[in-house]
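Two complexes follow with subunit A in common, the first pairing it with subunit B and the second with subunit C.
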Partner chain A sequence: MTDHARAVGGPLFTGFFRLLALIFGISLLMLAWRFASGIGATSGLSDGYPWGIWIAFDVVTGTALACGGYAVALLCYVFNKGKYHPLVRPAILTSALGYSLAGFAISVDVGRYWGLWKIPVKVNHWNLNSALLEVALCVMAYIVVLWIELSPAFMEKWKEGPDGVLKSLSEIGHPLLNKVLIWIIALGLLLPTMHQSSLGSVMLLAHQKLHALWYSPFLPLMFLVSCLGMGYAVVVFESTLSSRAFGTARETGMLASLSGAMVPILAIFICIRFADVIFRGQLSTALSFGRYSLLFWCEILLFLVPMIMLASKARRASVTVQFNASLLMIGAGILYRFDTYLVAFSPGPGWTYFPSLPEVMITLGILSLEIMLYVFIVKRYPILSGGPTAVSE
Partner chain B sequence: MGHGELFPFDPRHEVKSGVARRDFLKVCSLAAAAVGLPASMGIRFAEAAEAGLKPSVIWLHFQECTGCTESLLRTSAPGLAELILDLVSLDYHETLFAAAGYQAEEALHTAMEKNKGKYICVVEGAIPTKDGGVYCKIADKTALELVHEVAEHAGAIVAIGSCASFGGIPAAEPNPTGAKGAPAVLEGKTVVTLPGCPANPYNFLGTVLQFVALGSLPALDEKGRPIFAYGRTIHEHCPRRAHFDAGRFVKEFGDEAHRQGHCLYRMGCKGPQTHANCSVAHFGDVIDSWPIGLGHPCVGCTEQKLAFRVPMHDTVEIDRPQPPDTYPTIHPESGGIGTVGAGAAGLVAGAVIGAGIMASKKLASDDKGEGEGV
Partner chain C sequence: MSMDRRDMLKGLATGGALAALAPGVAQARERKELPDGALGMLYDATLCIGCKTCVTACHEANELGPATQDSFGQGLYDAPDRLSSDTKNIIQLFQEDDEQSFVKRQCMHCIDPGCVSACMIGALQKREGGIVTYEIDKCVGCRYCQIACPFNIPKFEWETPTPKIVKCELCNHLIAQGQIPACCDVCPRGAVIFGKTAELLVEAKRRLEESPDKYVPKVYGEHDGGGTQVLYLAGVDFGKLGLPALGEQSSPALSETVQHGIYQGFVAPVVLYAALGAVLWRNRKNLSDEEDTP
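Coming up: the complex of A and B.
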C-alpha cells in the first residue's frame, strides 16, 4: 500500500493550527478542572443522564465518523476493489485518530478512570452478556489494530531517517509486518462490525426510556448501516478538504464511485427505518408532527437528500455535489446518534440534561487535537497520495 | 336559625321553590365543592340566582341513548332538582320537559330570544349529516338545522357525552347516517366537549357552574375537553395501578387475579391512553361504580381514537410501562441548562454549520474557477 503516498511537507504552525492549539489549550484547563473537582462539579451529567455529549458525540458519533477506515477497507479488501487503494491510508489515519481520541474521551467520562486497565486484564470478571464490555474490548483492540495498520507509513519514513532505534526497528519490522498485515486487516474489519452494532445494542437496554420512534430491536443493524454511510462520507469530506488544503490532486473520479456506494447504504438505512416504524405500529406517532416526530423527519430528510443527490451518475461526478452530500450524510449520522442517545432518551420525569461549558470545551478540544494530529502526520509522514501540485514551502 | 340581619328573609325561596334560604346556600356551596370550586363561589351562585341571573339552559337531544341525562339524574350534590330549579333555568329539555308539542317549541323560542347571546346550549347525541340530515328531525327541523339555529346565539356550547363530542356509537363504522359530533358540525365555534359514555355529570356541573359564577369556561385541551377533568389518563390515577407496577395481571375473567382485583391491562384496558377522571370521580354517587371498579377494563369512551373503534379487549400501547428507576433530588445539583454552557453549545453548533456552508460555497466557486488550494 505504498503506491504514491508521500509526506505533504510544509510549515506546521499555520494560523489555523494556532487557533486549534488555542482551543486545545482552553480544553486542557477544563480537563484539569474536571479531574480536580470531579464530573458532578463540571458537567451537566446526573444519575438520570449518566451519558452526555462525551459519550453521544465523542464516543458514539466520533467512532462512527472514524469508520472511514472500516468502510474503505471493506470495499478495498472484501469486495476487491483495488482502485480505492490510495484512499486507504488517509482513511485509516482518520480512523486511528478518531478511535484513539474516543478512547481518551471515555477516560474523561468515566468516574473511576483509574480502573479502566482492568477491562482487558481481569478476564475472569467479564460479564459476557454485556454489550458495553464488547464495545470496550473491541474499541481497545481496534485502536491497536488501526495503529498497526498505519505503521508502515511511519516505518517507511523512519527507514530513510537517521540511524537509531526507530530505524533498526523499522528495518526489521516492516517486512515482518507485510506478511501479517492481511490478518491485521481482517481483524480491522471484524472489530468495527462488532462494536458499531453494539453501540446500537447498548440502547436496547434503555427500552421504554427511549422514545418509541427510536427504540427498535433493529438498533444494532441501523447503527452498523449508518456508520458505513458516515465512513464513506467522511472519506469524501476529508479528501476534499485535504486536497484543497495541501494542494494534492483530488481523486474526484474515485470519490464519485465511492459516493455511488453510499446510495444503496442510505437506501437500506431508510428502508429499515421505515419498515421498523411501520411494523412496530408507530407510523401514527411519526405522523403526529410533535417535537419528536419532527426530529424523526429531519433525520429522514438528512438521509434522503444526499441519497437523491448522489443517485445520478452525472451529478455525483461534481465535486460540489459529492462534498455537500457528504456533509448532509455526516449531519444525518450525527443527528441519528444524538437523538438515540440524548434527545429521544428520557430517564423519567424531573430529569434534564444540557452540556455544561467544560463538556462542550473538552469535546471541542479533543476535536481540535484530532485535526492537529492529522495535519502533523500528513505533513511529516507518507499518508496522502496523488501527485502534489507545487506545495508552497 | 340566625338569618335575620345577615341574610334578610326573602319569601321567594319559601314560596317559589319550597327551599329555605339556608338550605339553598347549602346547595350552592355543595355544588361548588363538588366541582372543586371554593365555597365563596357557592355564595356567588346564590347571588346570581337571587338576582334572577340564573343562566338559561337549552338542551338538545339528537342521535343518542339519553344515558348522559340519566347519569345527570343520579347526582345528589347538588341533586338534579336543585340544579334545574335553583341554579340554572332549564328552559328546554326534551326528556325532562313537562310540556309537549307547540308548548315546548314556544318555550325554546322564548328562551332563545330572551337570553340571546347568554344561554348555554347543551348538545346531547350525534348529528346526522348524510342526505341533508334527514335521519333525525324534531319539530320538522333536522338536527343539523336545529343545532346551527340554537348555537348561533349561545353564550356557551357544551357537547355532553361521546356522541355529541365526536360521534360516538352513531358514528361507528359504517356510520350509515354520516353522524358527526357537535365540534365537527359547528366549525369555528368553541365547543366544550365532555366525552364519556355516559359523561360524568360532575364534569358537566363543574363546567356549567363555572360559567354561572365567573362567566368563563374552564381551560380546554386541543379536543375541547376541560383540563380539570381530562388532563390525566385513567392509568395515572387508577386504584389498581399498584398491581400493574407489580406485574399482577388478570388473564381471564373470573380467574384468581380477577377476584383479587388485579390489573386489567391484559384484558384490554384502555386506561393508559384514556384521558378522563373516572378513576377519581365515580358514577351515580356510588363508590367504585365505574368500569374498572366493577372489574371490567376501561373501554376508552372519552377518546375518539379508541371508543367504538378499537375492539373492547384489544390491548393498547403504553409509553412507559414501568416507573422510573431513578428520581431526581428536589434540588438537582446539575442538569439544568446553564447560560454559559448553552451559549457555548449554540456557538459551536452555529460555527460548525456555518463552516460547512462556507466550505461548500467556497468549493462551488472554486469548482467554477478551477481555483487554488486554501
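Coming up: the complex of A and C.
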C-alpha cells in the first residue's frame, strides 16, 4: 500500500460523466429562467414558505454533508490519530466542493444576489443578533480556508509541471503555506463548529411556526453533533464509491475505526434529543403517534440503527456494514435537517410547499456539477491515496 | 489501535471547549420595553364595517397601485383578499355559525421584532417612534424576516427578477410630514385610530371597562409576542381572527439569549481557536506536508 496521494488518471468523459453534464446542462436552462423571471415563476416558494429545498437541501444539508473535512481533521489533528491522514485530502476536497456549491446555491436563492458582497464588507451594518449573518460570514470564510487547505494538492502537481506562473507560484507558496498551516487548519476546525451550530440557531426565530418536537434551545448543539456524524458517514460513503469507481485500494481497516468514531456521536445525539424532548415536557407529543410524532421516531430509528450496526468491532470490519450504516447515518442527518427547516415548519393554515420541477432540476444540476468537479480533480490531481490496486505493492 | 490516554485527555479538553458553547449557561437577555414615544394603532374589530376604504387608501398612500385579483373568472379591481407584495393592509372577514367579525391585518410593529433580529445587515430596523422600517439598499432578499415574523407580515416580490420586501411602515413618510397613516385617516367609523401606543392602551382598557359584554376581555398586543405597538380589541377570540397565541415572550428573547450566550464578547471562539492551535501544535507530526516535503 502506498501512503502517497496521487492522481488516479484515466479518461474524463465516461458515460456517467456525460449523464451528469446533461443534467447540469438542463439545470443551466432552469437557472437562466430563474434569473430572467424571478423566483416565483420557477419555484414552489411562497410568502408562507419562503425557504424550500435550495436552503434546506443545498445549503443546510449540503454543508453538513460537506463536513467530512471537518470531522476527519478533528480526529486526525485534535485527537492525534495520524493514521487517518490518507483520508484528509479526499475529505477536504469533498468539503471544498460542497461548501463552494452551497455558496452558489445561496446566490440562486436570495432575491437580491447582486447585494451579497455587502455582507462581508459592510461591517458597520452587521446585525450581531442574526444567526444567519454568522452562518453567512463563516461559510464565506470557510470556503476560502478549505481551498487553501486543499491547495498543496494542486501545488504539488504544478511544481512538477512546465515553467510558468503556476510553477513559480507553487514554489513560493507551498513552503510559505506549511509555515502557517497549523493556524489555517485550526481555522478550518473553528469555522464549521461556529456555523454548523448556528444553522441550528437560525430556526430558533421560527419559534411558534416550528413544531414543538423540533423547536429547542439545543438546536445549535444538535446540529453540531449531527454534522460530525454526517461528516464521517460521507467519508465512508465516498471512499467506498471512489475505490469502486477508480480501482484504488479501499482503506477498510481505517474506515472501520472511523465508523467506530460514529458510535459515540450517534449516542450523544440520541441522548440530547431525548433529554431535550423530556425536559421540555414534550414526551407526550412524541408518544402521540400523529404525523409529526411518527416523523420524530423515523429520525430516531435512522440514528439508532447505524449506531447498533457499528457498535460491535467485528461487525464494523465488514465493508457492507460500513457502507449501509453510512447511508443510514446520511439519511438520518438529511431527515433531521429537512424536518427542522421544512416539514416541521408551518406558517399557519392556507400555506403549502412542494418543490417545483425547475427547483429540483437546479438542485440536481448543482449536485451533478459537484460530482463532475470531484471526478475531474481526483483524476488530474493527487488527492486519493493507495494508488490503483493493480499497481499497488 | 486504541486511543492512548494522553490523546484522549487532549481531545476531551477540546470537547469541553465545545461544550462551553452550549446554550445552557447563557444568561437570559433583558426583556425589551416599549420605546419612548412609540407610535402605533388601535384597531377595534367591533367598530369595523368592512368597507375596505383603508385598503384602497393604503394602496394610494404607498403608491402600490390597485391590486387586481382573479375572482369568478374575471379580474376584480382593487379587491385583494390577502396581504401580498402589493397589499400592505387588508380587511378580512371571519365567519363561523352566528359569530362574525372583520379583522384588519398589517405590520404589528413589535416591541421586539423577529424580523429585525433576523435581518443580517439591518435592512429592517426599528426607527423613530419604534416603527419597523425597511431599507432596500441593505436587503439581499434572503427572506429570513419572513421565517422570523410570527404574524407572516413581510411579503416578497416573487414575480420579478429584482425583488424586494414589502411591509407596512406605518406610513412613516406621511408621519414625517405631520400627517397620520392613511388607513387611520380615512376610516369612517374610527375603527382604527393612530396615536402613541401607551395612550392607545389606556383607551383600549377604557373601552373594555365601559362595555365588557362587547369584547373578549383582552387587549391583543399588550403582552403578546413580547408586546406590539399595534393593539387590537375584538368581540371574537383573537385566534379565530388569525392573531396567533404567542405567549408573553418574544422569539428573539430566546434566540438572542442562545446566540449571545455562545458569542458573548466573542470570547468562546477566540479561546477555542487558541486551544485548537495549541493542540494542533502538540500533534504537529500529523500535519500533512511535514512528511511529504523533503
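What we mean here is this: the second predicted complex is superposed on the first by the 387 of 393 C-alpha atoms of A that agree within 3 Å, B and C clash if a C-alpha of one lies under 4 Å from a C-alpha of the other, contacts with A are read in each partner's own complex, and residues count from 1 in each chain.
FYI, a contact is a pair of C-beta atoms (placed from the backbone, for glycine too) under 8 Å apart; a residue touches a chain by one contact, two chains touch by 3 or more.
Just so it is clear, the structure is predicted and the values come from calculations on it, not from any experiment.
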item	value
Combined model on subunit A: subunit C and subunit B, fit or clash	clash
Contacts of A:Gly281 with subunit B and subunit C, given as first, second, both or neither	first
Subunit B versus subunit C as contact partner of A:Asp47, first or second or both or neither	both
Greater subunit A contact set [subunit C / subunit B]	C
Touched partner set for A:Glu359, first subunit B, second subunit C, both or neither	first
Touched partner set for A:Lys118, first subunit B, second subunit C, both or neither	second
First, second, both or neither for A:Glu134, with subunit B first and subunit C second	second
Which superposed partner A:Pro347 touches (first subunit B, second subunit C, both, neither)	both
Partner chain(s) touched by A:Thr63 [first = subunit B, second = subunit C, both, neither]	neither
Contacts of A:Gln208 with subunit B and subunit C, given as first, second, both or neither	both
Clashing subunit B stretch [against subunit C; choices 76-84, 238-246 or 310-318]	238-246
Subunit A residues contacted in one complex by subunit B, in the other by subunit C	40, 45-48, 208-209, 347-348
Of all residues in subunit B, those that touch subunit A in their complex	317, 319-328, 332-338, 340-342, 344-345, 348, 356, 359-360, 363-364, 366-367, 372-374
In the complex with subunit A, residue positions of subunit C that touch it	1, 3, 7-8, 10-11, 14, 18, 21-23, 83-84, 114, 116-122, 137-144, 146-148, 150, 152, 154-164, 242, 244-246, 251-252, 254-256, 258-260, 262-263, 269, 272-273, 276-277, 279-290, 292-293
Subunit A residues within the subunit C interface of the complex	4, 35-41, 45-48, 50-51, 76-82, 85, 88-89, 109-113, 115-116, 118-119, 122, 125-134, 136, 152, 156, 174-175, 177-178, 181-183, 185-187, 189-190, 193-194, 197-198, 201-209, 217-218, 220-221, 224, 257, 345, 347-348
Residues of subunit A touching subunit B in the complex	40, 43-49, 208-209, 212, 240-241, 243-247, 281, 318-320, 323-324, 327, 331, 347-357, 359-361, 364
